[in-house]
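Both complexes below contain subunit A, partnered by subunit B and then by subunit C.
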Partner chain A sequence: MIPLLRSEWTKFRTVRGWVAGSIAAVLLTVGVGLLGAAGTVRSCDGPQGDVCPVTPIGPGGQAVNDRFSYYHQALPGDGSITVRVAGLSGVITYPPPDHDEIVAGVVPWAKVGLMVKRDLRQGSAYTAVMVTGEHGTRVQDDFVGDLAAGGDRWLRLTRTGGTLKGESSPDGRSWDVIVEKPFPGPALIGLFAASPCDVTLSQGTLGGTIGACRLTNVTGKFEDVAVEGASGTWAHDDVGGETGAPPLSVGSARQWGSTVQLTGSGDVGPAGMEGGAVLERTLTGASIGLIAVIVVGVLYVTAEYRRGLIGATLAASPGRSGVLLAKAAVVGTVTFAGGLVAAAVAVPVGIRLMRDRNNDIAPVTALTEVRVIVGTAALLAVTAVLALALGAIFRRSAAAVITAIVLVLLPQILATASVIPSSAAEWLLRVTPAAGFAIQQSIPAYPQVEDYYIPALGYYPLPPLGGFAVMCAYAAVALAAAIVLLRRRDA
Partner chain B sequence: MIRAEWTKFRTLPGLPWLVLLLVALTVGTGAAATALVPCCDVLPSRVSLAGVQAGQLAAVALAVGVMAGEYATGMIAVSFLAVPARGRLLAAKALLAGGVTLAGALVAITLSALVGPGVTPTAFFGSIGYLVLVSLFALGVAAAVRDPAVAMGVALGILYGFPLVIRMIRDPAWQERLAWVSPMEAGLAVQGGLPPIGPWAGLGVLALWAAGALAVGRSRMGGGESAISVRVRRRRGSRR
Partner chain C sequence: MGWADIPRTSYPKTAPPRDAGAEGATLGFRSMDVTVTGLRKRFGPTQALDDMTFTVRPGVVTGFVGPNGAGKSTTMRIVVGLDRPDEGSALVGGVAYTSMKRPLTHVGALLDASALQPSRTARNHLLWLAQSQGLGARRVDEVLGQVGLATAARRRAGGYSLGMRQRLGLAAALLGDPPVLLFDEPFNGLDPEGIAWIRGLLRSLAAGGRAVLVSSHLMSELQDVAGHLIVAGRGRVVADRAVDDLIAAASDGRVTLRTTAREEAMEALARAGATVTVTGGDAVTVAGLSGAETVAALTAAAVPFAEVSAHRATLEEAYMELTRESVEFR
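== the complex of A and B ==
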């Protein structure tokens, strides 16, 4: 195998066109990616000039939404709050189909309930038990944690010795513990209400999808409110509230004895792609570099057929299967190395460019960043292997290039830049090798947040490694078929 | 001369099939879009003719096959010997590729229009013109780079690359600038719905790309020296 690898590497290295093609792939990936980054300009012209609001960052390091109505007391040490959610009502502005009136209604992810939060700063740690519009009783904490907990309307949060316990109950007598976690230190305890905007997707006249997010609010009626261990008096705050916000989004609280009526708007949860420019936008060039990679991968084998060199190659290695494996290893490794260089340059430089243009960058963990960079290189490498295999199957470069582009690139185009609706686009990105692009998605889709989870906005239907596995499966099957055909056929 | 080109086209395996592929891809994708897209929100022309985005693949392959296929087999030397005037040879090939694509596009677009929810006359004739111009553009690229795989990569990269990049950029000003130089995005303005770019101006953008590619291709074909020496120099110069 080693001599075979060396001879294939020598072939690759000494053909100017293939080396040039690989360099072109790197340059295209970096160049187009940086062009995309440079074109991502954010401007926030307002009364104070071009000042963009800062996206709050949660305890887990994600960009978050943290805007809600909070009726609270201080909680210096141990204490508890118990409540019965007697009712939810709300307002939805301009819902479908006609978008022409303001109606009464509660959106599925409207939340009212109990919350212990570190302080009033946006993004500070919290734990909450809540009743939602259509998703039952839930526990959420620190913006990304989310747990379904039946449908009971009695809620309780208790802190003893630095441990916070969330419970629910059907009747206020027998309690089920649904969450238990450490939460020491001074905090606030109270009632909250939040109602995210009503997300509607519609088809644009050019195709593609147009999302709209219309203001809503929710009013929770709490009865039998009982607080122990809290200090100070009740106070109401709109966490993250802005001056000059529309009246419907301004929260309010009223209290009679042990009954509280709390109105609020906004959301407490991960911000998704709204949380800033995403990392992978600096890597859009990969889909263009991919074309150069496909051409090199195909030519690496078809050129041998055209020049008749394949006869010598096969005579030198009568086993035959080794030849294609060696070629796949060489072209895969070269492309991976090139892709790694390209991505490792494009990401930091692109991020700098986007920052200079007023963009917040949606923060991700170092692990995610590495996954996106290495994944992009792997994506290119696997595509090269797929192209090589197609070249060996067809033995004609034109047919192989077309097939590779139809498999890898056309689904992307149809899914993001055509009239195909998003449900069909998602299927395209599940069953074709284009699913592999999922490995570039840095911000996951959170089920507890209503958002535009559609391919056109960068959300792939499969998880990163799942999508990449689909692409690898295509490459593996194609390579296996190519090897079988090579053994059967006359050269 | 045209007859010679036609005979080559007719007898080569693969090329006539590409015309069928053009029709199948265009009509198939258009029909799928028609079935999938909910009524009335999207421009009917865009839905009926969505297949053009896929069908142009076949138009590109066809033009590249007509031109670069000869370089691949060495047939080009014979063609050059028979027709020393390079401009006339390119013109004949352009006429052939354009003509065959026109025939395919006529069938494909008519069928798509019948299957889909309807098209405007501008979109109908514009899309036929679009496919013909795409094949001329690809022919020019093929004459310029001479290798079928590279030609296909370059032509499809330019066609599909711009829309992908445009979708990734969120800045509307940049999106419009790029749409103006993108042969596919601007060219498909004939199907309506792209207000800043008029339908015929958009097709003009594509025509400029085609003319530019053909001009580069013409100059790369040379002409002063004999075909054989071109062939020999190529052998020595680029070991592909």
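== the complex of A and C ==
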């Protein structure tokens, strides 16, 4: 195998067109990506001029939504709060199908319950136990944590010696611990209510998807409210509340005896892609670079057929399969290296360009950033191998290039350009090699947040590695088929 | 480039490394036969090979002749594993080519000299071939010198003339210094000097104990080179004989006569019962009379003549004689 690898590498590097094509793939990926980044301008003209609101950042470093109605006391040390959630009611403005009236109703992810939060700043740490509109009783913390916890309506949060314990009970007598975690230091303790907007997606008559997010609120009725160890002084705040907000979104609290009625709007959770421009926006050039990669991958094998050189190649390696494997290794490695350089340049430079244009960049962990960059290189490399295999199957450049583009690029463009229904787009991104583009998605879709999780907005139906695996499977099957055909056919 | 500065064929003192089990201290390699047995191959409606059977022996240049479409190229492609026969087998030294680990060190083949990536230099073309066999760049430079392409080695092969491509193809065949060489139409596109050079190369390869199979559709190209001839037609062997035998048979009993009085000579000889054919301005070939009888008949009729000699057929004549009966050669 080593002699074959050396041989195929010599073949590759000694044809100027292929080397130029590989360099072109890098330049296109960087150039088009940076053009896109430079064209991403954010403008927030308001009463205070062009000042954009700052997206809150959670304890985990990600952009978050943190807007809710909070009825709270100070909690300097140990203490507890116990309630029974007696009921949820609310208002949904202009819901489907006709979107023509304001109705009573509770959205699935409306949340009312108990929360211990560091302070009133958006993005500060919290732990909450809650009853939701349709998703039962849950534990959520620090914006991304989410756990189903049955359906009990009695809730309790207790802090003892810096450890916070959440419990639920069907009757207020026997309690199950549903969360236990350290939460030391001064904090607030109390009741909260939040109701995210009502997300609807509809198909535009001229193609495209129309998303709408209509204001809702929720009112939680809490009975048997019992607080111990806290300051004893109640206060109500709309965390993240804005001046001039519509009345329905403004929270309020009423208390009589041990009963509290708390109304609120908004959401407490990860921000998704409205949390800023996404990292992968700097890598849109990869789709264009991909064309050069496909052409090089195809020509690397079809040129031998066109020139009759395949005879010399196969006479030198009558085992045949090794030739294609060596070719795949060479074109895959070259493309991966080029893709890595391209992505490693495009991402930081592109982010810089976007920041200069007033954009917040949705923060991601270093690991995610590395995954997106290395994943883009891998995406290009696997596409090169797929193109090579198609070239060996068809033995004709044009047919192989067209097939590769139809398999990889066309579904990606159709699905993300919002020209077909989202369901069809999602289907395409599950079953075609374009599923591999999922590896570029930096912000995941969170099940606990209702959002526009559609390909047109950058959400892929498969997880990053899952989508990439689909693409790899295509490349592997194509390469296996190419090897079988190469061995079976006369050269 | 001129042909005059072509170096004489020479082989490196040290043969490149070979697979274990090679023997033959005198030649530096083990001589090998090529044995083709009962090959059949059909391409769609065309029966390209129909029981092709022959053996190529070491130490002699074997000419492989026949009209276009006789199956010469297909046979060679099957020997090096490019095409798969429907039936039959082709073995090199008793082994199937496709089972060889470094096949180019056993069999060198020039099948299609135009098979080149035009933008790649000649040296790089040979380099990837060499590397695929575990050979190094030094061997590449050796064969480039051997075929007279050393000075043009770093030029793009796309700019090569047909003759230079043939030389590059020969270099590729010689790369592994193999004991078996197959050349398909190596004379194509060569000028007379190039043809003479290849003849010398073929002779020296055979003299070194190699089995050399050279296909051609023009018999004259093989004149004075081939020691053995395999004549193919319609996918099978029509004749498989030593060239000396063939020429002797074709020359059998004929006399060449040179005379300025051709008409009178032909009349006199016809009267004596000979069959006379004009072969040149003052030359005729006489069949049916011995040399002495020819001289007697001409003297009796007082016809002057310059020369009477036993006829030695050319390879082409021998070939024509051999294939006269076969429709496929018309």
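Keep in mind that, in the parts below, the second predicted complex is superposed on the first by the 488 of 491 C-alpha atoms of A that agree within 3 Å, B and C clash if a C-alpha of one lies under 4 Å from a C-alpha of the other, contacts with A are read in each partner's own complex, and residues count from 1 in each chain.
Quick note on the criterion: contacts are C-beta pairs under 8 Å (C-beta built on N, C-alpha and C of every residue); 3 or more make two chains touch, one makes a residue touch a chain.
Since we're looking at a predicted model, the values are computed, not measured.
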item	value
Touching partner for A:419 - first (subunit B), second (subunit C), both, neither	first
First (subunit B), second (subunit C), both or neither touched by A:7	second
Touching partner for A:15 - first (subunit B), second (subunit C), both, neither	both
Which of subunit B and subunit C A:473 touches, first, second, both or neither	neither
When both partners are placed on the shared chain, which of subunit B and subunit C touches more of subunit A	B
Touching partner for A:345 - first (subunit B), second (subunit C), both, neither	neither
First (subunit B), second (subunit C), both or neither touched by A:235	neither
Which superposed partner A:303 touches (first subunit B, second subunit C, both, neither)	both
Subunit B/subunit C common contact set on subunit A	14-17, 303
Interfacial residue positions of subunit A with respect to subunit B in the complex	14-17, 21, 28, 32, 35-36, 39-41, 202-207, 281, 284, 287-288, 291-292, 294-295, 298-299, 302-303, 306, 396-402, 405-406, 409-410, 412-414, 416-421, 423-424, 456
Subunit A-touching residues of subunit B, taken from the complex the two chains share	14, 29, 32-33, 36-38, 41-43, 46-47, 50, 53-54, 57, 61, 64-65, 68-69, 72, 147-150, 152-153, 156-157, 160-161, 163-171, 173-175, 178, 193-194, 238-240
Of subunit C, residues touching subunit A in the complex	77, 80-84, 97-100, 103-104, 109, 111-112, 114-121, 124, 127-129, 131-134, 172
Subunit A to subunit C touching residues, read off their complex	3-4, 6-8, 10-11, 14-17, 303-304, 307-309, 311-319, 490-491
